[in-house]
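Okay, so subunit A shows up in both of these, paired with subunit B first and subunit C after.
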Partner chain A sequence: MYKLKITDHLILLTGVFFMVAPVVLTFMTSTHDAIAIYKGGVQFLPGDKFLENYETVLFQAGGFTQEVNGFVMLKNSMILGFGFAIGKIVISMLAAYAIVYFRFPFASVCFWIIFATLLLPLEVRILPSYEIVQSLGMVNTYSGLIVPLIASATGTFFFRQFFMSVPDELLEAARIDGAGPWKFFKDILVPLSKTMIAAIFIIMFVFGWNQYLWPTLITTDESLFTLVRGIKQILQVWVGAQIPAFNEAMALAILAMLPPVLIVVIFQSWFVKGLVESDK
Partner chain B sequence: MATITLDTVRKVYAGDVEAVKGVSIDIADSEFIVLVGPSGCGKSTLLRMIAGLEDITTGEIKIGDRLVNKVDPADRDIAMVFQNYALYPHMSVYNNLAYGLKNRGMAKEEIDRRVKEAARILEIGDYLDRKPRALSGGQRQRVAMGRAIVREPAAFLFDEPLSNLDAKLRVQMRVEIKRLQQSLGTTSVYVTHDQLEAMTLADRLVVLNGGNIEQIGAPIEVYDKPASTFVASFIGSPAMNLLNVKADGDGLSLENGAGLSGSNAKGKDSYIVGIRPEHLQVVDGPSSGDGVNLEVSVDVLEPVGAESFVYASFPDGGPEIVVRVSSHARHEPGEKMHLHADAKDVHFFDSSTGRRID
Partner chain C sequence: MVPYMLLLPQLAIVTIFFLWPAAEAIQSSFYLEDPFGFGSTFVGLDNFTDMLTSTDYGRVARFTAVFTFFVTFLSLGFALLLAVKADKVLRGASTYKTLLMWVYAVAPPVAGLIGVLLFDQHVGPMVDLFAMFGWKMQIGVNYFDTSFAMIVTAVWKQIPVNFIFFLSGLQGISKSVQEAASIDCRSGFRRFWTVTFPLLAPTGFFLLIINITYAFFDTFGIVDVIVKNEPGNNPVTLVYKVYLDGFRGNDLGGSSAQSVILMALVFILTIIQFRLIERRVHYT
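Right, the complex of A and B next:
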């Protein structure tokens, strides 16, 4: 067996350092008050303002309208993250199901068109997208925030590859067992795709959670702000005569990191279990 | 239980591949039919058309008295066992058996009764809670059988159900399938490319070649009177010896070279003559009796236990000859051998069409 050498550990530790150090710094800094940070820059040691800072960002209303606090933003981010991930999974599974199992004209052309949209990320088509959402009156709504984002070429592609690897005999056995298209999807394909769904859910949740540009455009109403967007807002709002509330921005950043981390930790064990007990 | 009637059934796949070319078979109630033939001859296609998994290009298929050309697989009252079992990986054995019944809206108690009954017959009662991946190949095979049995269908369709098992288990399951089919009395269509499996299971064999039926008949009938050189070489192991011969008057001789003499029983100019390895007797010297006489030299002796096979060749080359000898016979390579086959054991086939001449 290969014996771990000290150099291996050094390489790993260096990696860990670069990954973790910024997070630790952020956290340490978030436990000081704004003045200390303004004078001394980022902090390497814990301060004594932990409870105070976190309580402020979570519950004290801020912004121009004074009706948004960290807690509300956390909720909004959750809605965006879950809506985004679940929406993407539902849409892309259905699209892949249609492409793989139904013989409709130009099926492969459809697939390649969907695939080609990978080359057109949101940023490229952001103006027309905004125009459409606005004319539908969906600005400053959750559906306006989520729906335009859920079409997913990546997800469709992964599910298509997965469905194509499911043996045809399974479909045939199900047909003989009297399962129609909907039953086959619900009773056979979805349960078989569990691991795939978990994997895509992790990726998409984090991706949705971290959306910045689209929420910035589509939500002008502060009660719909997401965390990622709120961090920026805190720094902006208090810039002026006052010292920017770096401590609160940092605390908010830490809060913004927690849910994705939790999702990854929870789903990952599921995901690994699924991979190990491979069903097919 | 039902009859199955195929009437000039054809299948043309996209791209003009004619996989089945007008096949007609009348399958009796409770009959065990085996479709056998080399790879690509259309066995699976034919079976899948009976199952309803493949559209019928032209022709008619009836199950019982009902024309099923346009009937959904689920409504044809058939059950199918697949080569790779096609069990639902995420369902327990119990649910694998129950799924089709649930979809039919059968009452829970009745489902339970049927599943338990099938599990008892197939001795899979201990695994009902397990997932298929926690079963051995043989156990999965039984579950696949169970899924067919619980439906209590009019017909079982099998597509090479044993080819993923090891040799010993295959023999065991073969016997079991036969026993089960006899006790249930369900009409069965079984696809295989293994001629031994075909011989042992079938009430009647259907030998397919390139989408056409070469011969239909009881296994022993097919073995004793192959309708063509194709059937002759496909059924029986080792295969029948087939020799191109020409006739001069009343005598026969090899088309190219020496080593064969015989009597021209059918009055034609040329034939393909077929002789099974077990019908060639080793004789002491040149024989001139009725039938066919050969003079060959031994190449290889292959003992298989209960018997041995000698592979031999003619002095001028030509086709190889296989002879069955007793397991105690000793034959050295290079040794000269005189062989004789009685007239009744010699098959004559038309040299151009390959059809049997009676």
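Right, the complex of A and C next:
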């Protein structure tokens, strides 16, 4: 059999170093004051301004934005992440249930309409999408932020694959016992899909949380900014700043990545399962 | 009635926020819109010919091709190397796995911001590092240096996804095949290229499409942050240009024509992807 060599560990450790080091440096830099960073460059060791910087970013308005603080942005990111993930799961489960378990006229038309969305990312049709959302008066609303993102059928496709793998005998047994379509869905299909729901939830939460282009366009009102959207604000302040506030910018970056990273690390096995199976 | 009720929410959202905008994009790609919104004139294929013949578009398209090539192959290459090694180690395997994949959760613009910090003219350690080799990096000023920083950042962000898929592909190769191969062939290197690599090929093809899509669309945040909102003469991707011409330049027709070309491109990629999925199913 294969003998493990020291070079294997060296390669892996080098890989780990390159994946982890940038974020460690970002964190270290976020614990110093701006002048020290400007003079001494990116910091490799922790500084004494951790509480001060994070307190400023979380609770004080101003700086990068005029009205909102990091805490409000954190809340908005949560709303976007949860709203998107839950909305997508509910809508796509219902649609997938209809597609897999019902025979009805125009079924294949509905199927193709929905799956055509897999062809086009939002980025491609960004301008007309914006204009339509604007004409519906949904600019600067949570629904305008969340609902258009749900339009892609990735979730539906995923649940369709999963439902098709559920044995038909279950449906027959439920029928014989007199269960209607709603009861079968609620008492058999949903409990069976629990792991799948968890996996897709994690992927969708991270996807929603990390949205950048759409929130940038659709939220001009600062009270609706998400953390990732706030990154754009940093850049606008930096242009023309004497000493760029690297410390606070990096603190914001750390805050913006912390929740999705934690979720991916904690629920790693579900996440990997969902990712590998959903993209098949 | 039941199935229609179940489908209604999804169909409504798809129609309003997908079909309608897509149709609008196709339609306005044939029109020249007055910048003040007073009307539009039908111009046929003028938007397309204008765009395809403009030097600016050619430059952006070339950069996108180069960018996509490097991002795809570098991130696939590094991820494959790491996955092969991670598949072999026993001690610390799960720790390696976690540490190599968590970057998946970092948003592209956040990755871009980290890139901006590390490649910064004044404070960036990468700039200091390359200065030792006599390379004076000027991100945001020098076209080549900016491209380099973009590619490094985009590769860094994409390695985890490829790593996860390659690792799960490797773990799916049956132990009996590997044992049979190790009896027949002593060289681990040759065994990899003649047995493991062909068995991984379906995963690889699939990832190729995923990575091309990533380099085209998902890198928007990285590009936007690294050029710091000011594209100027900096390298940008085709999707970024759709955004620039549409929202900054107010060129609705031109932007839509670019959208339509990208749609066609994604369409082709998706067809290839579907065919590969079908073949993958037959393999297993």
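Throughout what follows, the second predicted complex is superposed on the first by the 244 of 280 C-alpha atoms of A that agree within 3 Å, B and C clash if a C-alpha of one lies under 4 Å from a C-alpha of the other, contacts with A are read in each partner's own complex, and residues count from 1 in each chain.
By definition in this document, a residue touches a chain if its C-beta (ideal position, glycine included) is under 8 Å from a C-beta of that chain, and two chains touch if they have at least 3 such contacts.
Since the structure is predicted, the reported quantities are computational estimates derived from the model, not experimental observations.
Engineer: Is this a clash or a fit when subunit B and subunit C both end up on subunit A?
Structural biologist: Superposition check on subunit A shows subunit B and subunit C fit without a clash.
Engineer: According to the stated criteria, A:128 is in contact with first (subunit B), second (subunit C), both, or neither; which is it?
Structural biologist: second
Engineer: Should A:167 be classified as contacting the first partner (subunit B), the second (subunit C), both, or neither?
Structural biologist: After superposition on chain A, A:167 lies in contact with subunit B alone.
Engineer: For A:187 in the superposed arrangement: first (subunit B), second (subunit C), both or neither?
Structural biologist: First partner only, subunit B.
Engineer: With the two complexes superposed on chain A, say which partner A:267 touches: subunit B (first), subunit C (second), both, or neither.
Structural biologist: A:267 contacts neither subunit B nor subunit C.
Engineer: Figure out whether A:176 sits in contact with subunit B (first) or subunit C (second), or with both, or with neither.
Structural biologist: first
Engineer: Answer with first, second, both or neither: which of subunit B and subunit C does A:156 touch in the superposed model?
Structural biologist: The second partner, subunit C, only.
Engineer: With the two structures laid over each other on chain A, which partner does A:110 touch: subunit B (first), subunit C (second), both, or neither?
Structural biologist: Only subunit C; A:110 stays clear of subunit B.
Engineer: Contacts for A:201 in the overlay, against subunit B (first) and subunit C (second): which applies, first, second, both or neither?
Structural biologist: In the superposition, A:201 touches no partner, neither subunit B nor subunit C.
Engineer: State whether subunit B or subunit C is in contact with more residues of subunit A in the superposed arrangement.
Structural biologist: Touching more of subunit A: C.
Engineer: In the overlay of the two complexes, what angle sits at the CA centre of subunit A between those of subunit B and subunit C, given in steps of 10 degrees?
Structural biologist: Apex at subunit A; the opening toward subunit B and subunit C is 90 degrees.
Engineer: Nearest approach of subunit B to subunit C by C-alpha atoms in the superposition, in Å, rounded to an integer.
Structural biologist: Comparing every C-alpha of subunit B with every C-alpha of subunit C, the smallest gap is 16 Å.
Engineer: Take the contacts of subunit A with subunit B and those with subunit C, and give the residues found in both.
Structural biologist: 279-280
Engineer: Which of the residues in subunit B end up touching subunit A in this complex?
Structural biologist: 48, 51-53, 72-75, 78-80, 82-84, 86-90, 99-100, 103-104, 133, 147
Engineer: Can you list the residues on subunit A that touch subunit C in the complex?
Structural biologist: 1-2, 4, 8-9, 11-12, 15-16, 18-20, 22-23, 25-26, 29, 37-38, 40-42, 90-92, 94-95, 97-99, 102, 104, 107, 110, 113-114, 116-121, 123-133, 136, 147-148, 150-153, 156, 181, 206, 209-210, 212-213, 217, 228, 231-232, 234-236, 238-239, 246, 249-250, 253, 256-257, 260-261, 263-265, 268, 272, 275-276, 279-280
Engineer: Can you list the residues on subunit A that touch subunit B in the complex?
Structural biologist: Touching subunit B: residues 167, 169-170, 172-179, 183, 187-188, 191-192, 194, 277-280 of subunit A.
Engineer: What residues on subunit C touch subunit A, complex-wise?
Structural biologist: 2-4, 6-7, 9-11, 13-22, 24-25, 28, 78, 81-82, 85-86, 88-90, 96-110, 112-114, 117-118, 120, 122-125, 128, 156, 159-161, 164-165, 168, 179, 182, 188, 206, 210, 213, 217, 220-221, 224-225, 228-230, 239, 242-243, 246-247, 252, 255-256, 259, 262-263, 266-267, 270, 277, 280
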